[in-house]
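Chain lettering (A, B, C, D, E and F) follows the sequence in which the chains are written, and residue indices restart at 1 in each chain.
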Amino acid sequence: MCLVISGHYLQSNYGGRGVVIGGVVSVPPATAVIVGSGILAKSAIKALLGAGAHTIALGRNMEGLREIEDITAGRAVTLIASRYNLERMIQIADILIGAVLLPGERAPLMITREMVKKMQKGSVIIDLSIDQGGCIETSRLTTLEQPIYIEEGIIHYCVPNITSAVSRTSSKVLSNLVTTYLLQVGELGVDEALKQDATLSRGTYVYHGEMVRKSIAERFGLEYDKSFQS
Amino acid sequence: MCLVISGHYLQSNYGGRGVVIGGVVSVPPATAVIVGSGILAKSAIKALLGAGAHTIALGRNMEGLREIEDITAGRAVTLIASRYNLERMIQIADILIGAVLLPGERAPLMITREMVKKMQKGSVIIDLSIDQGGCIETSRLTTLEQPIYIEEGIIHYCVPNITSAVSRTSSKVLSNLVTTYLLQVGELGVDEALKQDATLSRGTYVYHGEMVRKSIAERFGLEYDKSFQS
Amino acid sequence: MCLVISGHYLQSNYGGRGVVIGGVVSVPPATAVIVGSGILAKSAIKALLGAGAHTIALGRNMEGLREIEDITAGRAVTLIASRYNLERMIQIADILIGAVLLPGERAPLMITREMVKKMQKGSVIIDLSIDQGGCIETSRLTTLEQPIYIEEGIIHYCVPNITSAVSRTSSKVLSNLVTTYLLQVGELGVDEALKQDATLSRGTYVYHGEMVRKSIAERFGLEYDKSFQS
Amino acid sequence: MCLVISGHYLQSNYGGRGVVIGGVVSVPPATAVIVGSGILAKSAIKALLGAGAHTIALGRNMEGLREIEDITAGRAVTLIASRYNLERMIQIADILIGAVLLPGERAPLMITREMVKKMQKGSVIIDLSIDQGGCIETSRLTTLEQPIYIEEGIIHYCVPNITSAVSRTSSKVLSNLVTTYLLQVGELGVDEALKQDATLSRGTYVYHGEMVRKSIAERFGLEYDKSFQS
Amino acid sequence: MCLVISGHYLQSNYGGRGVVIGGVVSVPPATAVIVGSGILAKSAIKALLGAGAHTIALGRNMEGLREIEDITAGRAVTLIASRYNLERMIQIADILIGAVLLPGERAPLMITREMVKKMQKGSVIIDLSIDQGGCIETSRLTTLEQPIYIEEGIIHYCVPNITSAVSRTSSKVLSNLVTTYLLQVGELGVDEALKQDATLSRGTYVYHGEMVRKSIAERFGLEYDKSFQS
Amino acid sequence: MCLVISGHYLQSNYGGRGVVIGGVVSVPPATAVIVGSGILAKSAIKALLGAGAHTIALGRNMEGLREIEDITAGRAVTLIASRYNLERMIQIADILIGAVLLPGERAPLMITREMVKKMQKGSVIIDLSIDQGGCIETSRLTTLEQPIYIEEGIIHYCVPNITSAVSRTSSKVLSNLVTTYLLQVGELGVDEALKQDATLSRGTYVYHGEMVRKSIAERFGLEYDKSFQS
């Protein structure tokens, strides 16, 4: 998705820098900077590399960066997401993808407004962590109907739940994923299924009418059932 | 460009089928059908294959298809662009690219309205030969401001001179191409340069105030200078 | 092995459909449908994709399918092995590989005779799970001497222990694998080796004259030593 | 085809060496030696490399070898087809492919019986130039019904017109190729078509009842029409 | 690094065999034999394969060899590191890399002087396990100032801590690695950090003035604190 | 060769920048700038890309750059070799390869001393066009015995006929190339061979005691036989 979105808004008629993502003869490719090293980041990196972008990944843990080195056969540049590196890299970015997620917590702020000000005008920011508050200071929620706004001269795309734009594909994948659990619950009963499958119990928020998830409970000041095991 | 355009309009919120181009776990990739086997077709095929689409190329000469086999290491399916094959293939297409160009002539009509009627609703047609009249019966000129319309339930994108949307990249490439000729003309003079470089003379339309290109002259009922050699 | 076997029997002179596995200019490649997502399935998928087949994997768990997506860089289509998907896919198969194995149990029946009836005549079925009863209703044991039979118009290859046909390679691999354990046993003694190496103890069937494997014991109505740890 | 044929006959139950073509953990791959550097050779090399064989190409001109280097990204070993190199290489071959063709002439004898004697027993020879007399001393015509014989301990497969075994694919390709010419002849008439298309005239053997091909005429002691231009 | 070092010393003017690592038209590539299947071995294998060498890995456990098969897509030949295989393989080696490391122990002796005597004169040995005593009988410590010596006609490169030759890159990587731990220790305190992070505690040699690492203590006949947990 | 030479001299102990060519986790790869787009340039580009360098090719004709795009699947950045681009690019280079050759003429000066002064200290220059006078102002002939010197803080490697360092490989290739001509001459006689083979006649400098090559004659003020056809 990141590839299509950034390619679309980089077009001059949408206010973008008017560059193609892949290199063409005698013109270098676009530079894509991805902040994060998790599943979202990896998937964006693979697509952008595949389209020929000069791709730079900045992450906070070496293990995540090593995996990126591996899956891209060393074709993505990897860097520690220090303030120094972030500042230098986003100045050469045509595309900036925020992809830092902490499970169950607010995304950390990685890119300040000051950094965004130094980006090239007409570049595109996609903040994939907007569902959890965003990791870029200038990003704020948008919708599929009104997906972008321009701030500091940069096009911001901050639609949460981005996969809803490809509803047919998403529905199929979700249904394939959910069916497995439904069959399991149907066969074993809810209690036994929760006991046998940690993924299922970790995904349980309310059980027998009781909130059972600590992080949610704390955010909303609710009680929760500490005896529930996940 | 085809990759970004088709990916964009396939999104459900733009009226598309709501599918991603590449396959994801448990869901097959989108099917892209490209009609043509020239430079435009090859470039679209490479991009769509790179993004993971199931890519089918239909061309009229075996030599062109053989080159497609070669550059895609056999990953694109190639077929003769017979009426029979065209009809079967576009029924399974999520993306249909018209890329048939005859130098200096109107593009031949390859896809009839009847065929388009049988396509899956919400699919995307990009007619790259629209500059020369289009090779699809339902396609008609659009603009970057109003790039698409829907006909027979299919999204049509028929912007001529598509590269103007990536103006920065296009300008650089064109200027790199043109500079070579300018330097040559500056060094040799116009007459000598035309004599030495067939590409230059073949690209000459008016010389010393006289029309020198037969195909243009005939289309507009003009005289032309037959003695000009290209 | 699947590649060579299916390529061989697809030849017209052996009763097959007379198609090559990889695509050639203007003719699409053969379609290979693999049922299963374990080690056997993956190895067949890699070989068939490598030879250029249009390769479709149907599995029952998302995790297995995700691994297939990864190792094939998304080039194999993956689908949930639902009845609906199986029925549709095997109708377009030139090659059908049954590769569903449950450790220590009978293979589940995935493909019914009704499905096989709808396959294209002259297609080839290889049932790799025949060692455990087969996952295709029409498959029954064959031998290297008489490796195939035709039923419902489909060529069935159901030789168990298929690797015995490449005896030289198999012997070397097995001897390399076994030697490791022999050296270990020689160094540590049997008891200590069983204690230290779970692979070794899980592979033990009879110990000090007592049956120690539950699944075998149950199938044959034998007693077994429950105290043996694996 | 070479891949499937050699993989099939290398199986121990068909008298072969009992090795798999690709390497498996702890056992090296089979060694395939291809003599020739033309279209047949290249196609065999690509398939065998794709399946993991250690692939060695011996050709007589450097240009052909350079193309093999290019299309295999240097993964095939290339050697000059000197007697010295041929002798050394076929001693380590599991598979030997003869693919030397001279257009319109008898294939040159490249591999003598003495060389074949030194090959490893149970190896497989496929002589693709058998249509033109074969390039291996021990090879003689076989048929699809009786495709192999064993001589000097080596399995020989010398079926001419090997593509007839995949009749469906071959028929489609041929018909796609021929249709182009038929349409051309229908549109222009025979005489004009022969004039405009050198491929067509080069493929003409008899014209207006007269033999027009020199090499055929000479072989059979016939007169031929020297005025026919091709 | 192995690629650059071996390529350098293989040049004739440094006493080497005068061969290039990758194959060129009509001349086979250099043969590189790597002994070991750990991280050092894998990294050398990837670089040498990438440069086009015929690459053979000899390891002692099947699991390591399987990983090498996987990461090289089967392009590296893998063999069990038996005496028989080692002897045969190093006779055809242009490059021999010793990469056998046992954590905290002396490297095992894998290659005897007798074997080295049979190597081709002018070949290059790099013993990466020299930091732990070396796995080749003829290898002894060298320095960056005097990196090689010739013994039995073979160029030996046995510089420990080889990465110091690329000091800029090494310093950055190390500092990126160490910073993570420093931040952790700063945040949690030493005791808590050691408790939470096994990697950190496993890397601790002296704690509160006491030796805590068994292998070091035993080698130097020291007492050590058995209560320290790692 | 460029890969091994630049990798060697980039080591800190030889005065280089102390960087590895390929990227490692958290550190970007070295940047290699290649000036030229001919055969030498392409071969250097392929090797450096293969080793993981960030590779930038600057050439003067678009056709050459297009071929580089093709053979590297767009992974090498291509730029017109304008003064502006050269100046910017060599400032970020760790490796600068001069590979501009004009057949039979002095190489043009592409990189001035002023440009070299702005390079990063400890970078490596390899001037492959030194045989024809060099394309870099600071480069002057060196030898295999004394292959480098440092000027403006940059390591210069300017050995002509670089392949003599891999004498064994070079001798084989040359002998394979020359033998073809010798056999031809032996078979046809010198005169007929020169007539039939343009490559042979173009490589002739003296014939029957007369100088026959114009460019050589002019450089040394000699007469030459204008009637000799090549």
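The rule is short, and it goes like this: a residue touches a chain if its C-beta (ideal position, glycine included) is under 8 Å from a C-beta of that chain, and two chains touch if they have at least 3 such contacts.
Not measured: the values here are computed from a predicted model.
What is the chain whose Cα centre is as far as it gets from that of subunit F?
C
Going through B-C, C-D or C-E one by one, find the pair whose contacts repeat those of E-F for over half of the pairs by residue number.
C-D
With touch defined as above, tell me whether subunit C and subunit D contact each other through largely the same residue numbers, more than half shared, or through different ones.
Counting shared over all numbers used gives more than one half: same.
On a C-alpha centroid basis, what's the spacing between subunit B and subunit E, in Å?
53
Would you mind pulling out the distance in Å between where the CA atoms of subunit A average out and where those of subunit B do?
Measuring from centre to centre gives 34 Å for this pair.
Can you compute the centre-to-centre distance for subunit D and subunit E, using the mean CA position of each chain? Integer Å is fine.
45
Do you know which subunit D residues sit against two or more other chains?
22, 24-27, 62, 80, 176
Touching pairs of chains, all of them, please.
A-B, A-C, A-E, A-F, B-C, B-D, B-F, C-D, C-E, D-E, D-F, E-F
Which of the residues in subunit A come into contact with subunit B in the complex?
1, 3-5, 7-8, 10-13, 17-22, 24-27, 47, 50-51, 144-145, 164-170, 172-173, 176
Within the complex, which stretch of subunit E touches subunit C?
Interface residues on subunit E, with respect to subunit C: 61-62, 80.
Can you list the subunit D residues touching subunit E in their complex?
Per the touch definition, subunit D meets subunit E at residues 22-29, 52, 54, 56, 62, 65-66, 69, 74-75, 77-80.
For the complex, give me every residue of subunit A touching subunit C.
These residues of subunit A touch subunit C: 176-177, 179-180.
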